[in-house]
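Structures are listed in the sections that come next.
Here come two complexes built around chain A, the first alongside chain B, the second alongside chain C.
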Partner chain A sequence: MKRYLTGATGIILVFVLLYFLKGVLPPAFLTEVVIYSIYAMGCSFLIGCLGLTSFGQPAFLAFGAYGAGIYLYYFGTNSYVAILVGMLVSLLINMLVGKFLVRLSSSYFTLCNQAFCVVTFFLFQKALVKWTFGDNGLLLISRMKPTPIIDLTSSKGFYLFAFLVAIGVWLFFYYLTKKSVFGATCLCVKDNELKLRFLGYNTFNIKWFAFVIANTVAGLAGALYTVYFCMVNANIASVSSASEAVAISMLGGAGTLFGPLVGSFLFIGLKDIVSQFISHWELLVGFLLIVVMLAGQKGIVGSLEEYLAKQKSEKIPPAPALTKEGGL
Partner chain B sequence: MTNIVEVKNLNAAYGQSKVLFDISLTIKPNERVAIVGRNGAGKTTLLKCMAGLLTPTSGTVVYNGIELGQKPPYEIARMGLKYIDQDKHVFLDLTVRENLQLSSYATNDYDWDKVFAHFPKLKILLERKGAYLSGGERQMLMIGRAILGDPKVLLIDEPTEGLAPSIVDDLVTTFHELSKDCAILTVGQNLSFVSRVAERIYAMKEGKLVAEITDEVEIKDCRYSCYL
Partner chain C sequence: MSTQLLISAIILGLSMSGIYFLLTVGLSLCYGLMRMISLDQFLYYALGAYMVYTIKTLTGSYWLGMGGGIIITLIVAFIIERLINKRVYSKPVMFSMILTFGVNLMGVGLIKYIWGLTPKPVASPIGGSLNIFGTGVPAYRIFVICLAVVVYFAVQLFLNKTIVGTAIRAGIDDAEKVEALGINIKRLFTLTFIIAAALSALAGAIHAPFVMVSPEMGMSITAFAFMVVIIGGLGSIKGTMVSALIVGQVVSLGAVIWAPLAEMAPFLVMMIILLIKPTGLYGSKLASR
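After this line comes the complex of A and B, so read on.
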């Protein structure tokens, strides 16, 4: 319980501090960081806890984004409902697609996700152009009306809302990965799936459920993206951005709680700052990623956690001597 | 006494390569049975077929009166036929406690006292991560995990591999105690261990069962080695 409170308190504290950075850094930048970190959270969970690398994340982002966008363009004006619709659409698609994709492992899973991303891009750009307007996209600024409690049409209101959603997502993943049996089973799937089946677990269901959770969170990020930018176009599902979520996860530390946040902060920061000086800002991100991977392979947060754990374990006295009566 | 496991005319293959030829064997409740044979004789393949990890090309495995057919391994494990493989792999990132919790959750059996009764050492290792356990400790944890849920049969593959002689001695006692609650089918090449543990032995050669040894003296004196 104490650990839980510490963890939950830590999460809230980090986001509250980040929230008040708006005095130092532009709120638009911080909002983008938060949306990207939510997007990368699902990917980080898949890589770090299940060992599944997906290059199809833009597709899952796009379903959430288009779910919200189509609702706002054709059916309603409430941004809260739009976000919920985006998540629901994403959830349904993930449940269906996941049934097929999680049957695959390692490289096949990665590549088929990327193929799914290509299909999704084509779907929104060409096949459904009558409703999505392809590359021009859906412009929603005149469709959205102020919402009660927190007005999502104002940048201040959305900034607060994005942080509240992020806290919710982080607490959910904290509980899921650190406190639940499901989180432990996910780690075991990564470690040795077969052994988990010997214990009586249906590992297909575990992977499917994890896939649905991870990508519905990406869908949530997509819905937030649509509401924040008041538009959505087919480029959101572009396969050229497929590596972004993976890069952010790896940079911050896949499977760590704050890895996606640190990764997003660096990624968006480099994109915004470096792109002012050089057009190919991706070069720097690429080099940084290589350096971080060579230094620790666990990303910035992962390496830091490892270092702290090492320091802690050096202070712990060795376990008591084991007697013969212990058996074996 | 009715058999708890009956394997009838089992054939299995890896692709085009046939590995098991018409295997038939039985295990009675609380019996300790061993399969001995050289490397590549098909011992592990047989256990894998029984645990549902490999689909036989023909033949049946009947457990507790139910034909296992093509049931997935997790269902077979839930039915009470547990497989412990030879690689001594526990979940490295999880502590002993978490490893046991995982098994408890799958079987809905939270009575760890029976685990500690067999392996008191696990009690003081509860907070140690799987990665920091010795080979013997891992074996204890694997068996400990398997006995949660009160299985009726344990299939244990090469339990002594890589273990020190003193640990092997303890394992003999453990197997005798375990068989009070469930049947054990073990496979291995450590004949001195097998002789001290098994009540009945099947000798296996090139994918076939070539002999069944039930005579206590023959087992004790390792006379079955002539079949290998």
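After this line comes the complex of A and C, so read on.
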């Protein structure tokens, strides 16, 4: 059963089940969960597979969101094109910024990322205020025309579209991390970068490529966000939300396939429930983050996987020590 | 640009440098000795500012508030160190970063719970202005600059002339050998951590009259503190001082030229310095780990 649950069929099954949860839970909540899980997927990939923690994810979200927003406000009316433009803008910026950031060692990488996030925030809030209207933001509701095949301007159509995109992203990451050589080299960068370099791989390019992929996915989430809310303002890049992606990844389990989905379900659910009673969700998220980190930083899905693996290994005799130690 | 504007911008930049230095010297010390990036320093910064506000409204004295804020922050930092942070010293930097970010986030939530969301004003304790080359400069800014200079020399004296400071410097070089000499390095870690927290609280207390005291104040200064730490190089006190001076001037002079430049110019400076030297100006080899 586990084989089916973690493979491609498992991904589609999970999302189809989640799709029909709309009978129980409000669709607006589920749409937000799906957008956030796409956003956290990139961050989770960076933490879990490369060992790079990025506290600057809102910046990459904002580039996608503003790419789509500016296209819709000034140039066209088609939401599909807007999402593509958002992805393209974030791809180009990530390729440029990645060249600078990926050179740094992991602690400097994290600090620089957050600094970059603040710069992006001020870029959209103050420097480009003529075009982005700062805190008021771009209001796109009158600019968006109904699209063919799936109508993205209706909430039902968008709900379906967000799920289709999420399935696409998940399948992409599944084949990238679990089936491709590139995914294996990424894990190797995390474990022993020096050894990989010794084997003749260009680790800079691997990290750069992974950075670009992860943050372009964040940009895609940003573009979806713009189309869904029909608006974008500078708050999307604010530093106080910088923790969200990291918190979601760590809660769900960084580097696991369904970690970001479980994490964002929990995170947004808690945020919605908690803010009904007290308006300070930071307290709870901070507390959960501390608990997850002290309990072994595996997250919910990670711990579950470990538990299942333990159950399985009790039936089957243990594997030779060489593979267990991760020796190459 | 008139001379008066230039002089007041430079003085403002210097006072900002003072605050950045006080805030980041703790981060730098913690990284040097314990190899952890302690993001909860921003919580102590906000806590220092809030204690000043609270004690000042209760008693009317700013100085009492500053002292009380530092003492209360010391206690809070001690408890957090004993409960949470001591578990992460042997782990990779990434681990301490996420964990202390969680502490910071929780602290922001608690601050919002206790003091509410509205920003609180704190009046400047030193009124009046001084005349420097024909330009009126608020006396409080000069006080902040002097205080930062005094703290810099005090930290240098502590590290270089006292036996505990020598042990800390030795620990920065090689923690294992210090332990082998029979020095209780755990106690040294605790001491360094609460010194760092006290300096952060001091930074918050003296920054409070410049800005409104709000729950997000720790978050909003984060990026500048990071830029200072990165430009100077993690783990170097002198580097922190030099880069605080650079960032302070870039921020205030940038604001004179074009307002949005103030926030973005330090980032450009940081990028250029990192291109030339990936470990920062005074960063040693240990930072590349």
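By definition in this document, the second predicted complex is superposed on the first by the 310 of 328 C-alpha atoms of A that agree within 3 Å, B and C clash if a C-alpha of one lies under 4 Å from a C-alpha of the other, contacts with A are read in each partner's own complex, and residues count from 1 in each chain.
As a convention for this text, a residue touches a chain if its C-beta (ideal position, glycine included) is under 8 Å from a C-beta of that chain, and two chains touch if they have at least 3 such contacts.
Please read these numbers as outputs of a predicted model, since none were measured by experiment.
Trainee: Per the contact definition in the header, classify A:M250: touching chain B only (first), chain C only (second), both, or neither.
Mentor: The second partner, chain C, only.
Trainee: Which holds for A:V102: it touches chain B only (first), chain C only (second), both, or neither?
Mentor: neither
Trainee: If you tally the residues of chain A touched by each partner, is the higher count for chain B or for chain C?
Mentor: The partner with more contacted residues on chain A is C.
Trainee: By the touch definition at the top of the document, which applies to A:C188: first (chain B), second (chain C), both, or neither?
Mentor: first
Trainee: Classify the contacts of A:T203 with the two partner chains as first (chain B alone), second (chain C alone), both, or neither.
Mentor: Touch partner of A:T203: chain B, not chain C.
Trainee: Of the two partner chains, chain B (first) and chain C (second), which one does A:I35 touch, if any: first, second, both, or neither?
Mentor: neither
Trainee: Return first, second, both or neither, reflecting whether A:E282 touches chain B, chain C, both chains, or no partner chain.
Mentor: After superposing on A, A:E282 lies in contact with chain C but is clear of chain B.
Trainee: Once the complexes are superposed, what residues of chain A are shared between the chain B interface and the chain C interface?
Mentor: In chain A, nothing is touched by chain B and also by chain C.
Trainee: Which of the residues in chain B end up touching chain A in this complex?
Mentor: Against chain A, chain B makes touches at 51, 53, 72-74, 77-78, 82-85, 89-94, 98, 101-103, 105-107, 118-121, 124-125, 128, 136-137, 139-140, 145-146, 149, 167, 170-171, 173-174.
Trainee: Can you list the chain A residues touching chain B in their complex?
Mentor: Going by the criterion above, the answer is residues 181, 184-185, 187-188, 191-192, 194-203, 319-320, 322, 325-328.
Trainee: Where on chain C does chain A make contact in their complex?
Mentor: Touch list, chain C to chain A: 31, 37, 84, 87, 92-95, 97-99, 101-110, 112-113, 117, 216, 219-220, 222-223, 226-227, 229-230, 234, 259-260, 263-264, 267, 270-271, 274-275, 278-280, 287-289.
Trainee: Touching chain C in the complex: which residues of chain A?
Mentor: Contact set of chain A toward chain C: 47, 51, 53, 55, 100, 103-108, 110-112, 114-119, 122-123, 126-127, 239-240, 243, 246-247, 250, 278-290, 293-294, 297.
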